[in-house]
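Labels A, B, C and D are assigned to the chains in the order they are written; within every chain, residues are numbered from 1.
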Amino acid sequence: MKVSVIGATGYAGAELLAILHRHRQVEVCHITSESHTGVKISDLYPHFRGIYDMTLESMKDSESIGKDSDAVFIALPHGHAMKVGKILQDTDAKIIDLGADYRFNDTSVYEKWYNVEHTHKDAKRVYGLAELYRDKIKDAKIIGNAGCFTTASILALAPLVKNHLVDINTIIIDAKSGVSGAGRGAKQANLLPELYDSFKAYNVAHHRHTPEIEQALSEIGGENITLNFTPHLVPMSRGILATCYANLKENVKPEDVDSAYQNLYGDEYFIRLLGRGGYPATKDVRGSNYCDIAWHIDERTNRVIALSAIDNLVKGAAGQAVQNFNIAFGIDEKEGLDVVPMYP
Amino acid sequence: MKVSVIGATGYAGAELLAILHRHRQVEVCHITSESHTGVKISDLYPHFRGIYDMTLESMKDSESIGKDSDAVFIALPHGHAMKVGKILQDTDAKIIDLGADYRFNDTSVYEKWYNVEHTHKDAKRVYGLAELYRDKIKDAKIIGNAGCFTTASILALAPLVKNHLVDINTIIIDAKSGVSGAGRGAKQANLLPELYDSFKAYNVAHHRHTPEIEQALSEIGGENITLNFTPHLVPMSRGILATCYANLKENVKPEDVDSAYQNLYGDEYFIRLLGRGGYPATKDVRGSNYCDIAWHIDERTNRVIALSAIDNLVKGAAGQAVQNFNIAFGIDEKEGLDVVPMYP
Amino acid sequence: MKVSVIGATGYAGAELLAILHRHRQVEVCHITSESHTGVKISDLYPHFRGIYDMTLESMKDSESIGKDSDAVFIALPHGHAMKVGKILQDTDAKIIDLGADYRFNDTSVYEKWYNVEHTHKDAKRVYGLAELYRDKIKDAKIIGNAGCFTTASILALAPLVKNHLVDINTIIIDAKSGVSGAGRGAKQANLLPELYDSFKAYNVAHHRHTPEIEQALSEIGGENITLNFTPHLVPMSRGILATCYANLKENVKPEDVDSAYQNLYGDEYFIRLLGRGGYPATKDVRGSNYCDIAWHIDERTNRVIALSAIDNLVKGAAGQAVQNFNIAFGIDEKEGLDVVPMYP
Amino acid sequence: MKVSVIGATGYAGAELLAILHRHRQVEVCHITSESHTGVKISDLYPHFRGIYDMTLESMKDSESIGKDSDAVFIALPHGHAMKVGKILQDTDAKIIDLGADYRFNDTSVYEKWYNVEHTHKDAKRVYGLAELYRDKIKDAKIIGNAGCFTTASILALAPLVKNHLVDINTIIIDAKSGVSGAGRGAKQANLLPELYDSFKAYNVAHHRHTPEIEQALSEIGGENITLNFTPHLVPMSRGILATCYANLKENVKPEDVDSAYQNLYGDEYFIRLLGRGGYPATKDVRGSNYCDIAWHIDERTNRVIALSAIDNLVKGAAGQAVQNFNIAFGIDEKEGLDVVPMYP
């Protein structure tokens, strides 16, 4: 099968190429970058030398890229993918967008939080969080790959919400991400000397992953959920940990919580349940598509604290995109993704 | 004035010596270590070469150390300080304990959380969080210096609790600390390769700083407070960030929150208010005694999110100890502590 | 094919298991640890959960392990492998030792530098640096896998020495390694707070990789070489960079140097030549078996400066071991090793 | 005394302000930035909040700045300081330039390596490496503060060269620096994800500190010295380690080397001799003006390996500038600089 990557020079695009190199059923045929058209990808990313020495093309002729491809991955900033999606719509290629353009059912929510007009409102799209939307992904033409913070947060909370174990008005997500999530653009704030030995929050009460989490959990729980989401920046390269709080409803027993996780995720290859009292660490999933999940119950306050760890560039972006691709094409979901996390 | 340090070889003890070197009114007369008696401190900490080449003594003869000293700083593991405190009680020396032994009004709380019998229950002690207990510290014989997480957490929440702006049943503290907080003991879990590029929670629902935070906030708010406290380990050396959540009571306006912080801390030198919408970063306080505080209001959920940043070894330990020392002896509170944070 | 790993709980052992998971022609049948016999490897390394949940055995019955295995990898501290090797010698299993016991032709050199009596002097062994000793490895029974610093150093210098381009009395290797090279043992000196934001040399003029480098370069150059080797510790987890200096002989032209590298390594898959003026970075090879090499000529001093970068745990240990295994069994040399380095 | 800082917004400028805050005999009267004129320094560097809230001025009216000041520190990119220096020349202010414009006796060397025309060739200037040029600094009008790599390198090698203990044709300096040396400009290459867990060399055989080192060592040794200098980038914020190699001349004994260091530096407060066999670490000097020095002798190759560690922003820039300032004005050399390095 032939696949192309529109916008291959960001960290997510590069991670995608690395994963596709392991995938035994695909061949990468086009990779694009508007700012580096004509440049070899290995000149921008020397770690690709000898592995990917392809030249970056322009995405201007997206249509012919679509015609050459069974699937097109889009790794562009939000607002740009929908333009490409509109063009590719009439090709046979399936579309997997790693950005936000196709994640929202209600495009007015997108428009409000992203401050951009949505120009492809009638796109037939599905939300690309593999474990929870697998059936829909199977038949999808356009997949709006779930975001990084959202993947960690939704997977941690879904069993609680689905089984109505918690008071939905009490959900707080305190999330922490490595700096690769901020992209490869040159910003003073992300220089090593600025971030080294430093820790801080950002976008409190305003991060764009908030409505995406709310959409999914509302669907899963069957009622409208509004919650707090607070991201923080960790002085490391990769990884997200989400610490999720909620009040348990009356009479909910610890075993009910255990069952909720076991029932929803017991058969999932990429979700590893560490059980009640466990401690996921981002390093244990680094470079892999795993999401490690554990939960704690504080009897003093009757709160559940759910913890989840992912690699933001893999399960939070490129890995999940390939997982969705595999699902959409009926390939073994693990293909290209069955690697041991890198430790230490 | 003459001061001594019992237990000088941990990170807090070493930081204390560094601060005392800048203090123009003290001379360090005794430093002790049971495991390194007879060794020069600069052999254990080469950064002290030429600055402190003193030899570590045993603390066995605490009484004579107390007689030589105007003040004795104790930086021992919990359970050990109270033994020394009992001996020093009858000397003229003031005692500043950096550990937990003298932090609790109700020693049964201490005994429950620390799993140790308290053997100095009648000690006349005050809680050493300078900004909130200054008046009591002035006359104190024994000061139980506030813990690191607790200092950050209490200072962030005190204005809200004191002014009854939040529902006290909704307080959640999600805290993050650099690894120096775990001490200098050789543990596999704290090796650089293990922690590098990793992030995780620990001691969820069971950390010993929980009851200490509850004690202080309950006193400040005048009602019993039970809350969630969740610590995390950041792959960095120094610094604590506390992210504190609480539901605002009805009709509380953003300006009420602003005023609460301004009124309580407006005149405090070591508390820097970044205002509503600000973002404290641990790097901005690194190596200093500052506590930077900001707050956000999420109108969607009617929650306040308060953020505070400290250096765990300074404002969270040795710096606060010297601040308490200065208060207790009527010295300018800034003496020895008026330094610019180290950046970058 | 069946393989076993004696001493699976160090960083090199764990990396080996990660690589073997990708290898399509092997099955791991025994893994051992004396200090953790009976424990699941995933309890020691949670990143293995769901991938390797095997139980660690004792190596006491090495003979039966050998009989079950086509190959046995040994990842024990030096001095211990030769005892196992002696036992395994009479089984059909090939032996790949990741330690130093089988690296030296002249065991008296080993005994002098390692301060241990060699008890398996008559072992038929070959030196396991794949690119330079491939022909010998093909028929080997016992392979003494090259060390980490030595691999980087020898590969960088071999073309110069082989072609007699440099004055062999002027060779200086200034090498830098991530901390994973120091192993997983709990040592105060390797705690994150100790190493973070720090850089230093160690074992100057006395590091045990010195005679190993000298042995190989002397063989390659056909004359006895004595050189300087200086290791340094970098505050990072993985990676080695070797900066190698030597005076060019008279009349050696830059093009001669270029040709020497091209001729020796032009066809090597795992050696990537960045050419004259290039800059290898450890990150570009992280998690992979590549060795990136470049060279510079300083016309002012007539010195060549050769640079090489490897991942110490892969090309410097487990990756090279699998590469040697593949060679010894006539398998495609890339099997299990053809991965994109992890970036960023 | 009144001092001003021209170009206060780089890392060296900020460090200078931090040091001047501790200095009991100075008051900062002007700070400038062309790109941030009118902005408060604490808006650019939040760690200065409450300490320095001064507004940045333009340096356009340098002359009046000079008239207001007893000394002017210049922390501009090379090529810019000499313009300011020319204007300030006729004021009473002493000038301490942290850049390269006033470091070279022979401005043609400067012009060749920096590729800029020197427009202030007749400036009466002295080289500002305090320990070796103290007498000249006492009477100086313009001080060309020594560079960071150069300070570490020259201090490590001066005793060997001065006492003619080494073959001057064999000097090789392999130096390593934290990333703060690259400045605060937004560059993709210096983003945390790019540098984290990475190590590499740069500017091999072409770094501009080479001729500066050669100038000083040639003066000290009394003969022209040409040498190799190779810088590397360490994934940390602060610190430089220089590893210096040279062949010992015949009949030089280890004790001769010891004496050379002891005689030259025995009385220097800011140079700490760790002796033969010692290991300086950048962390042991972090945040301080110390230069820690040790040396090793490799009897196998008859080479001496000298090691030195400094904080690049302190002894390698701002600290040395204040030390020079103190010397020039007859103030105690330690004033403002007598702090304990920050550990851990």
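Some notes on this structure:
What we mean here is this: contacts are C-beta pairs under 8 Å (C-beta built on N, C-alpha and C of every residue); 3 or more make two chains touch, one makes a residue touch a chain.
The structure displayed is predicted, hence computed values, not measured ones.
If you compare C-D with B-C, the chain pair joined by more contacting C-beta pairs is C-D. Relative to chain C, the chain whose mean Cα position lies farthest away is B. Centre-to-centre separation of chain B and chain C, using mean CA positions: 46 Å.
Taking each chain's centre as the average of its CA atoms, chain A and chain C sit 36 Å apart. Chain D has its Cα centroid 38 Å from the Cα centroid of chain C. Multi-chain contact residues of chain D (touching two or more other chains) are listed as 11, 178, 180, 184, 193-197, 235-238, 281, 283-284, 286, 344.
In terms of inter-chain touching, the protein chains here all touch one another pairwise.
Those residues of chain D lying in contact with chain C across their complex are 170, 172, 174, 176, 178, 193-202, 204-205, 226-228, 230, 232, 234-239, 241, 243, 245, 279-284, 286, 296-301, 303, 305, 307, 309, 344.
Interface residues of chain A, counted against chain D in their complex, comprise 11, 178-180, 184-188, 190-197, 235-238. By the touch rule above, chain B contacts chain D in their complex via residues 11, 14, 17-18, 21-22, 45-52, 180, 184, 196-197, 237-238, 269, 272, 274, 281, 283-288, 290, 292, 339-344.
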